[in-house]
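Consider the two complexes below, in which chain A is the common component and chain B and chain C are the respective partners.
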Partner chain A sequence: MTRFRAALAAAGLLLLSACGSGNDSDSGGGPATLKLSVIPIVDVAPIYLGQQQGFFAEQGLKLQIVTAQGGAAIVPAVVSGQVDFGFSNYTSLILARSKGLPLKVVGPGNASTGQAGKDFGGVLVKAGSPIRTPKDLAGKRVAVNTLNNINDTTVRASIRKAGGDPANVRFTELAFPDMLAALDKGNVDAVQVVEPFLTTGLKAGDRLVASNYVDTAPNLTIAGYFTSQKTASSKPELVKKFSAALQESLRYAAAHPDAARKVLAAYTKISPAVASALILPKWPASVDRASVDTLARLAQQDGLIKTVPDTGGLLP
Partner chain B sequence: MSALGLLRRAALLLAVPALLVAAWWLLTAGSTDFFWPPLSQILGAFDDTWFHGRFTRDVLPSVGRLLAGYLLALVIGVGLGTAIGSVRTLRALLEPVLEFFRAIPPPVLVPILMLFAGIGTGMKILVIVSGCVWPVLLNTVEGVRALDEVLGDTARCYRMRPHSRYVHLVLRGASPQIAAGARQALSIGIILMVISEMFAAGDGVGFTIVQFQRGFAIPQMWTGIILLGLIGVVLSLLFQLVESWALRWYTGLRGSEREG
Partner chain C sequence: MTAAGASGRGAGRRRHRPSSAWGLGLLGLAGLMAAVELAPRAGLVQRRYLPPFSTMVSSLADQAGTGAFWRALLDTLRGWATGLAIALAAGVVLGIAIGGVPLLRAALASTIEFLRPIPSVALIPLAVLLYGTGARSTLLLVVYASFWQVLVQVLYGVRDVDPVARETARSYRFRTLTRVRTVIWPTALPYVMTGFRLGAAVALILEITGELVIGSPGLGERIAVAQTSGAVDAMYALVIVVGLIGVAVNLLARATERRVLRWHPSVRREAVA
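And now, the complex of A and B:
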């Protein structure tokens, strides 16, 4: 019986320690280790560039980049303290905030270029498709990388702007790398892609029918870097240093697009030919608050959330 | 069985689940951790989450695809397995290839399956078949190989027709092994049901759980995980019923052998 009790206690301890795993990146001397979780896509090029340029080291930070498959895995990692900062699109952050997750944005990530037809994301159809405008997408099958998130809400916004009815668009979830093949095979009628798939599709003869980010709001802010309220209040120094290094990195990437294209080879499988041709997102110095509010309103309109949360508490 | 014996059996059956639920309940009772909500909150969300439309919209399509894929895997596995098990040359020819294909995890095949099976229900059933077929096939091959030679010779002496030889000798003789493979395949099937719904899905239990997770509806996500477990329990109970009916000759035989 005592052995059984001991085993039970051990199991309980295991459970407890599994729940409360965290790290102490502030402890010890030398440079503070900073863990940042990102998805290895074009949008986060400034981070890799900033690391190369030594912007994080200048702040006394030892940047450790943890790559994640999707944004969904990043939020829990940040909230539980396994990583200090994460990268996510704003619709996900708004969803998390509306459920009461204590998140805080510490810096801008990337934004739409604001130029229709020359944005880093858009809706493609096959060359011979009868779909000519966003309005024609009504009733069609459209692939997005995640349902109930930024891409389907902005495609709906695009359709509404063109005077169409997005109610009966059939969105299907497909990973970006699978989309062009599905479009080619006729499994879907249109795909919402971002770079490098946009350029790849256009080169293969697909046709752009909508720049959904541009249609949603001028200078639409897409994603940002965030932390948990806990990290924000317990490690204010770390947050300050990170935002400073981030700002510097964003500024550098915006001023040196060729360097940004070059750094893609370091962490993605994008070929140099595509890397030199693709459309880079904008890396602004600040978050466009109005566009975050637009995303929150769209999320509520499309039923992702019941009430629009206070975006002021989320933003820096 | 006496009433007391029945009670004892029920207690044995339910003791560990009850203990686990109690431990879960107690450990999470005052939890403020967003990702570990109290069990009371999860159970409170259960009815609302699943029994107001989602049962027919998500659960039934999921289970339907699972059963379709599973039955198809059974037919293919048993059919091919008896052929390979019976013909030595075929076995020698195919065994290396089979070992190659069974080692490939079905999830990595999904993008390839999508290229020729599209992104609809067919693709999802195919994913389930591609994983479930192996334990059935390989166990059937072994079962057929291990058939009693004397019985085979006897069947030949009596000039049994191929059809009745197949049904009464080959299938029946291999059925304990086939059942063992089928049982393994069932749990693989549930896993693949969920995985197949993570690609290009629009409904299903696995799809819904992922949606909840991404939307940070954590109690609802937990209800989905519990529901998956319950589906597993129900299917395994059904399997046991079918198995004990189909193998009643075998359990009887084993019983009399043990006594004798």
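And now, the complex of A and C:
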């Protein structure tokens, strides 16, 4: 029965090798490895561009980008220290902060272009829809990717601005990739989409009725890069270097939109035709405090949180 | 012996026309391909949401030329194999240990029955908290799901040992390891192979689910990226690849089972008939 013994030995070896792997990131020496968790979407193009351009290496950082499929997985990973930094929209960060999660923003992520009709996100309806303005959305079914988050609060702000009543808008949660099909089938009356689905929808004949981020505030900062309070206080040097490389990446992306479009092919599957046509977000050099306060106020107004938290402690 | 899954019942009767079974299988597959090719072309479904089969295949050909595709394929296969190996080793060792001690078995039965039905997917939040969004999170899901498949089969296998053989071994004062090797193992092996076959399929499902939901590297993650990029062709192309891996895993598991159990009556009968 040597076969049995060999099988047992092989199984044991496999077990050992499986347990032994995966700890290489802790080894010292060389550049500091930093883990950044992002969602593979257009908004984070500056990070990939900055990595290509060597901005992180210049700071002595070895950037390891970890992709997650949703913001929901990023916040716990940052809080538990599995990754050093994460990318999230500000409403999520404000909500997390008001629940007592120790988060700290280290740099801006992206912002609205500020031009109505030419922003990277907006509300689409079918070509023949009776909905003409945001005001008409009252009482209609509107799809957003996450309920009680930045997209429904900003759509409500858009309706209010147009003089409508957002109280009886029926928001439905749908993933961005499913929205255009749902709109097509008539499951919903309107969808709040971002690129690349905005351009795809417009190409297919859908009509834009609201640029909800533009209607909320001028130059609304939408998302940012954050870390945990623990990392911020225990690794100040790492945060400083990351922040510097991030600034440089954002500046470079803002100045080279064509390079930003090109880098999309490196980490998304957006087709070249859509990539060259889509509207890029703005990549500002600093966080616009006023717009974060606006988002906090909207979250409180819509009942997502009871009291407006101190955004000063969250922001850098 | 009623070795679950290892039986070759009826195989002898069907043996004279395996080619027609293969033919029918291929015909079914061809029918599916034709339906997926024609439905979008005939306008039954929108091409934006379900492109024709040929479009998917050409997208697959494009992706096969990139390193990222092969890296993802390798990540998926590695995650699957590692998870399955851990589950198999742990399941066999613990199964024989628990099954061999009646008291332990009785004490742990309810615990096993409580833990086993927990869907691995429900552990995703826990996995992310423990291991972040890396490959280890998915590995945890894969191991958890396939471990129970193996463990339960091994427990059945150990219970199936002929009492006369067991008592004889005891009368001759076989050492524990000798008893495991000569009495328990030959009886349990068909069950282990069934556990292996079930575990292999479950491990693949969880590997892809983990990649898709958590975003750990692999084909599932590529599918999710294609989806968030609105690249419908690329998404379906990857789904086809995952399906093919599923077929390959099943064939591999069956071939392994036949080879390892070639001495076993259930397999020998198939060859003799």
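Some notes on this structure:
Just so it is clear, the second predicted complex is superposed on the first by the 289 of 316 C-alpha atoms of A that agree within 3 Å, B and C clash if a C-alpha of one lies under 4 Å from a C-alpha of the other, contacts with A are read in each partner's own complex, and residues count from 1 in each chain.
Note that a residue touches a chain if its C-beta (ideal position, glycine included) is under 8 Å from a C-beta of that chain, and two chains touch if they have at least 3 such contacts.
Just so it is clear, the model here is predicted, and its values are computed rather than measured.
Once chain A of one complex is fitted onto chain A of the other, the partner contacts of A:Val142 are absent, as it touches neither chain B nor chain C. By the touch criterion defined above, A:Pro76 lies against chain B and chain C together after alignment on the C-alpha atoms of chain A.
In the superposition on chain A, A:Thr67 contacts chain C only, with no contact to chain B. Of the two partner chains placed by the overlay, only chain B lies in contact with A:Ala182; chain C stays clear of it.
In the superposition on chain A, A:Thr172 contacts chain B only, with no contact to chain C. Of the two partner chains, chain B is the only one that A:Leu95 touches; chain C does not reach it. Contact with neither chain B nor chain C is seen for A:Leu295 once the two complexes are overlaid on the shared chain.
In the superposition on chain A, contact is made by A:Ser37 with chain C only, not with chain B.
Of the residues of chain A, those at positions 12, 15, 76, 80, 175, 177, 181 touch chain B in one of the two structures and chain C in the other.
Considering their complex, residues 12, 15-16, 19, 71-72, 75-76, 79-80, 92, 95-96, 99-101, 143, 146-149, 170-175, 177-178, 181-182, 185, 187-188, 304 of chain A touch chain B. By the touch criterion stated above, chain A contacts chain C in their complex at residues 1, 4-5, 11-12, 14-15, 18, 22, 35, 37, 39-41, 66-70, 73-74, 76-77, 80, 82-83, 175-177, 180-181, 184, 196-197, 200, 204, 267-271, 274. Here chain B touches chain A in the complex through residues 23, 27, 33-36, 111, 114-115, 118-120, 199-202, 210-211, 213-218, going by the rule given at the top.
Of all residues in chain C, only 46, 48-49, 82, 85-86, 88-90, 92-93, 125, 128-136, 139, 181-182, 185, 212-215, 221-222, 224-231, 234-235 touch chain A in the complex they form.
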